[in-house]
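Same chain, two partners: chain A is paired with chain B first, then with chain C.
The block that comes next holds the complex of A and B.
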């Protein structure tokens, strides 16, 4: 394992990519600590320690997790990648509904880049919306649930300062988007997911330390062991796949023989990855946003309803909605990304077949059947893992928060595995070349 | 002083957003977020893109310096 790392740093190409990625991530973290103008984040930190853990319960924990603690410090990069994720989700959902987007998607490369461009516009629009609501909530003190007096962290509240903060946060989101694209383009791994990964990792040590201080030693050990077991389980489930054998017929093209090989189609148990969880959690964040805009004490019935059921993350209604959303999105996303009919068609074209099943429609039906059967436990697993911290929080009343929360573990393992795989493929490319020469 | 710098920061922010939007988006969207296939990035960046990169970096540096400066000014003034 260590040898691979040494080798990775020996190859100049890969080394540059790794260093570039690390560099961008460092700047990104730095920006998550620099406070927006007019914000006294030292005061926030001080007060936060005093009131402790008031903020870690509920939905905020999740949003704050995605922003690596930057949100509650009102940093320059307070919004993190949340707007981009939300925008991608919205565009993704809209491609199913709006015919124009669907035709664009089918157009291939050019259409795809157009869709990406729409996503970027939407990201900035959402960033303006979210930063405005955050600034509004900060000004009323609602962001910290009234625990911290507003004037300590926001000395002057004239309109100019507020508007400047909104501008700065929006521009920050733009920079983050650019960073993500830079990493995808010139670094290792997928930029956006790596940025989320960094933010999740960044809060990790402090939440472990918090746990160490709060809980007794045996409980701390127990939680750590449980976390390790959980990580192992998640790795196991993420890697799990069913291999459907495919046999290719031999054929002659000119004087050369093609095919005749037997391969397989790998179908992962959790084909959708962690996207369903992120979809669901950002959808459930919307009510919170709405309440933030409408004001907490509004007499509106809708607001009251949301306030009752969707603000505390441990309410059964919230948890059930979360669970069903995840399961639904898992099926939805698999349906979007894997098209059995298309795969069957392609296989038929190149003379491939699944042993025992006729090519064409029966193959598509078979693939669909297998995929549905695989996704059922896969989606249930996703939902359960994501719910785990809420259940643990609700039953044990552990106020310090469970650092091995389902979503964060899923993100850590998923992105980690993916990035390592990509580094490895780079390495293989390199060594193979050297071997042949 | 604070007012002037604030307005400058806002202008910088708008400029920065425009510059970022001018870049060709290579994020690829959610489809290759989290465990998609290996995306191959073909070709280097063009001259336009490289100049745009430089311009963005310069603007970003200016922006962050002004943001920090403004933050210091406000906290000292208050």
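The block that comes next holds the complex of A and C.
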């Protein structure tokens, strides 16, 4: 495995791609710690721990996670890639609704580049919106739950300074977007995913250091070991697949018989990936948003109900809802992306079959059966992983926050595996063996 | 003359035009020998041409062309020559004299000691252009030759030894493939690649590049599967089997499976452990149902011979692959011949990329400029026409149904024909041409049909398509490369035809890409001639049906015409979708062949070592020390080296052919990996790399095993005795003749579509 990495660096154009990617990521990290003009970040850093203790599952927790802590430091890249991700999701949803976008999508490169252009415009619009709201929240002190006096980190509050901050943060988002595209184009892996990956792991060292300072050694060791076990487990589950052999019996090829082992349908245990978690989290932000709109002290019974069960992330009702939503979405996602009847029909048409099973309906039924049996443990696993940080928080010990949050680990492992696979495929194209099985 | 964006800047070339013209009076004074000498003098330097030499070359070439071909090349043709010499694709409209420009550039390369292969789309054009330009080459002191399908090995070797060789892409490709199979250096015919000059570059580099050229050899013969042939004869369509809409696939129904299993006596066709029966059933069924005698093949002298569908004549060296040939032979109850086995294949990309310098010309290059850059590192130079084009491209007409489209086209043709204006109707395929011609004839409009059966005859026919009152129906490729001159090929009646408006081009349906539409349009308006073009489209055209998001809900007039601009836009959209699909196929061919090319080069390198430097002998002397020494004593070192070479080459080729078969099988089902959210290409590479690991060692081990069993007969080593034999014959097929391939591409397309909507 090490040999393969060495080889990756010995292959000139692959080495260039890797170095280029690292270079971009470095600049990206740099921008995430440079404060926007008019911000005294030293003042924020001093008070940070107090703030983190106060807010563990606020609306901005996920956003801050994706910005690698840049948001709460009011850095140049404070917004991270969230605006771009949001814009992509919106545009993707709109392609289903707006026929013109759909026709563009089908036209391939030319159409796709137009869609990309729309996504970029929308990203900038969202960036202006978000940076404005962040600046507004920072100005009132709301961003830090009033824990830090506003004048210490934002001494000058005239309109020009505020506009400059908004301007800089929006421009920062534009640059990040460009970085992402550069990596996809000339580097290794998917630029956007790698940028999220960088930000997610960027907070790791500081939160581990925090643990080291706060916790006793045995607890610290336990948490780290648990984290490693968890990551290994997730890698294992993400790689797990059931291979259903398929044979094509339309012709006689050569003399050697291959036993049909070369062709199979790989069905992943976690066929849905991280999407159900993201869906469920977004859905569970809705109650919090509703409360924010109606006011926390409202006497409305709905608000009271939400306030009781859905605001603190550690409440059993919240956790149960979260869990079942994830399981449900996982099944839903698999159902819409994998249609056994269609796959069976397609195989039948071109002479493919699963040994031992007749083509057509029996094949579809078999695929459906296997898929259900795989998705059941897969979705349970997804739900459990996502619940982990909440369970860890709920159990007394780790007050500084459990650094191995489910979402972060899923993202880390997912993007990590994808990127390694990309490097591998570059090597394989040159007839070198890869390092993953 | 600023050129289009994204194209090569022509200004450096245009600056030279004056100087070239200034040389003309002096060169005119020279006699032929003096001109040849001037040309030869240009050979005293290396490529690339300096400005002064470039001027001289163009001036000498122009004078030589004037004397020999009878045409004084226009300034724009010289621009084309200069762009070609710089290794670009020159976009020159129809009738601008591409052939002459190409010949001048080829001579320019040849004079500087380079070997030029001029690649064309078919054998007819290769021969015609070589013979047509021969006087020019002679005068410039450059040797020229050509290759055709019937050329013998000797003729080929001689042709390749000329400085400029004209050949069709497929002939060149097959020669390269055959050269890879030789066991003696003396048998190779294709020299080291040097310069490729590609005529009709878009057709060769883009359209033909979607499918690889395949060389097959005869392997051992199989038993005639008469049992299956008899069995499938009893099955009934609709009940026991179904045929899909395109008539490309046939499949057993549930009842059919039951019937077959019962007749074979209680076998389970889909049994987990033994699936050997099913391919036999499928092949027999394919032969019985999808291949018809006298349509797809003929039986002559007890032998099944294929009919090349696109050309409508018997294809001598083509066979069905993978056991299908034997199944057809069983169906016809003739003797079963040897089965074919793929020996090797080559894509147009890797064929063309062998040449360090590439250039070419075509009428439509800008539309595929991106692909030329991506796949061939070629830039396009847009050469302006000599006289501005005054052709009128009328807005297309859209109809609801095919019948209405046909009615409209025929009545339009009738009214135009009354004026005596020549008409050219472009159709999608041969069958459509014939149907349309029948309809036209029924309405009293006599027409000539081109159906790609004979390139030479058709070139002659299409050359006359500009005659007063002519109606010609033709497919897209038929007669490409031949000009349509107004008033017939001798232009005797030109004035009358110009008066009525020149050639009227009518497209019967749009082509899968706008580039092909432009090719058809470009038939009219040659050299500033008057002319016009119009396309007739219907919503139920394949192009629209398969690619438009919506094909219902339009409002049509009484004659079925749809005037709504949104629906016209829909046709353009459908065409863009189709262009994108074609690009995907092209890119897939390219991507899937990257790794194969790397692996192939490993094998070829080894093969060259064995072939030229006796590597096999050295290896076997080590691996089978005792046998080797014994044999050397008995028959001499030279004979042993020969045997060692033959055996080693045999197992290298054998192994490569088996690896090829494995890759083909892997590729066939690789799209299924998409269902597990894996990238099929990565998965393909992931499986193909380990399968190739140890390839050379295994071939070496197998050679050693065979070598140790060698026996001597009459002072010679009997290599055939250990199973080493060359394929008794080879034949070729391009993969679009391959009955399974399009199914494969379709299913890949379908799966991808599925993934997009789902994920």
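Worth pointing out:
We take it that the second predicted complex is superposed on the first by the 282 of 437 C-alpha atoms of A that agree within 3 Å, B and C clash if a C-alpha of one lies under 4 Å from a C-alpha of the other, contacts with A are read in each partner's own complex, and residues count from 1 in each chain.
Here is the rule we use: a contact is a pair of C-beta atoms (placed from the backbone, for glycine too) under 8 Å apart; a residue touches a chain by one contact, two chains touch by 3 or more.
Just so we're clear, the structure is a prediction, and the values are computed from it rather than from any experiment.
In the superposition on chain A, A:110 makes contact with chain C only, not with chain B. In the superposition on chain A, contact is made by A:273 with both chain B and chain C. Looking at the shared chain after the overlay, A:337 reaches both chain B and chain C. Within the superposed three-chain model, A:425 lies in touch with chain B and with chain C [touch as defined at top].
By the touch criterion stated above, A:406 is placed in contact with neither chain B nor chain C. Of the two partner chains, chain C is the only one touched by A:348; chain B is not.
Once the two complexes are overlaid on the shared chain, A:193 sits against chain B while remaining clear of chain C. Once chain A of one complex is fitted onto chain A of the other, the partner contacts of A:360 are limited to chain C, with no touch recorded for chain B.
Contacts of A:92 after superposition: chain B is touched, whereas chain C is not reached. Taken together, the two complexes place residues 273, 337, 425 of chain A in contact with chain B and also with chain C. Interface residues of chain C, counted against chain A in their complex, comprise 219-220, 222, 244, 249, 251, 254, 257, 270-273, 275, 278-279, 282-283, 286, 321-324, 339, 341, 370, 547, 549, 573, 576-577, 579-581, 583-584, 594-595, 598-599, 602, 657-658, 661-662, 664-666, 668-670, 672-673, 675-679, 681-682, 685-690, 692-693, 740, 743-744, 747, 750-751, 754-756, 758-759. Per the touch definition, chain A reaches chain B in the complex via residues 31, 34-40, 76, 84-85, 88-89, 91-92, 112-113, 115-117, 119-121, 124, 155-156, 160-161, 163-164, 167-168, 170-171, 174-175, 177-178, 180-181, 184-186, 190-193, 273-275, 337, 414-415, 417-418, 422, 425.
Every residue of chain B that touches chain A in the complex is listed here, in rising order: 2-3, 6, 9-10, 12-14, 16-17, 20-21, 23-36, 38-39, 41, 45, 56, 60, 63-64, 67-68, 70-71, 74-75, 77-78. By the touch rule above, chain A contacts chain C in their complex via residues 99, 102-103, 105-111, 241, 246-256, 258, 260, 262-268, 271, 273, 336-339, 342-343, 346-360, 421, 424-425, 428-434.
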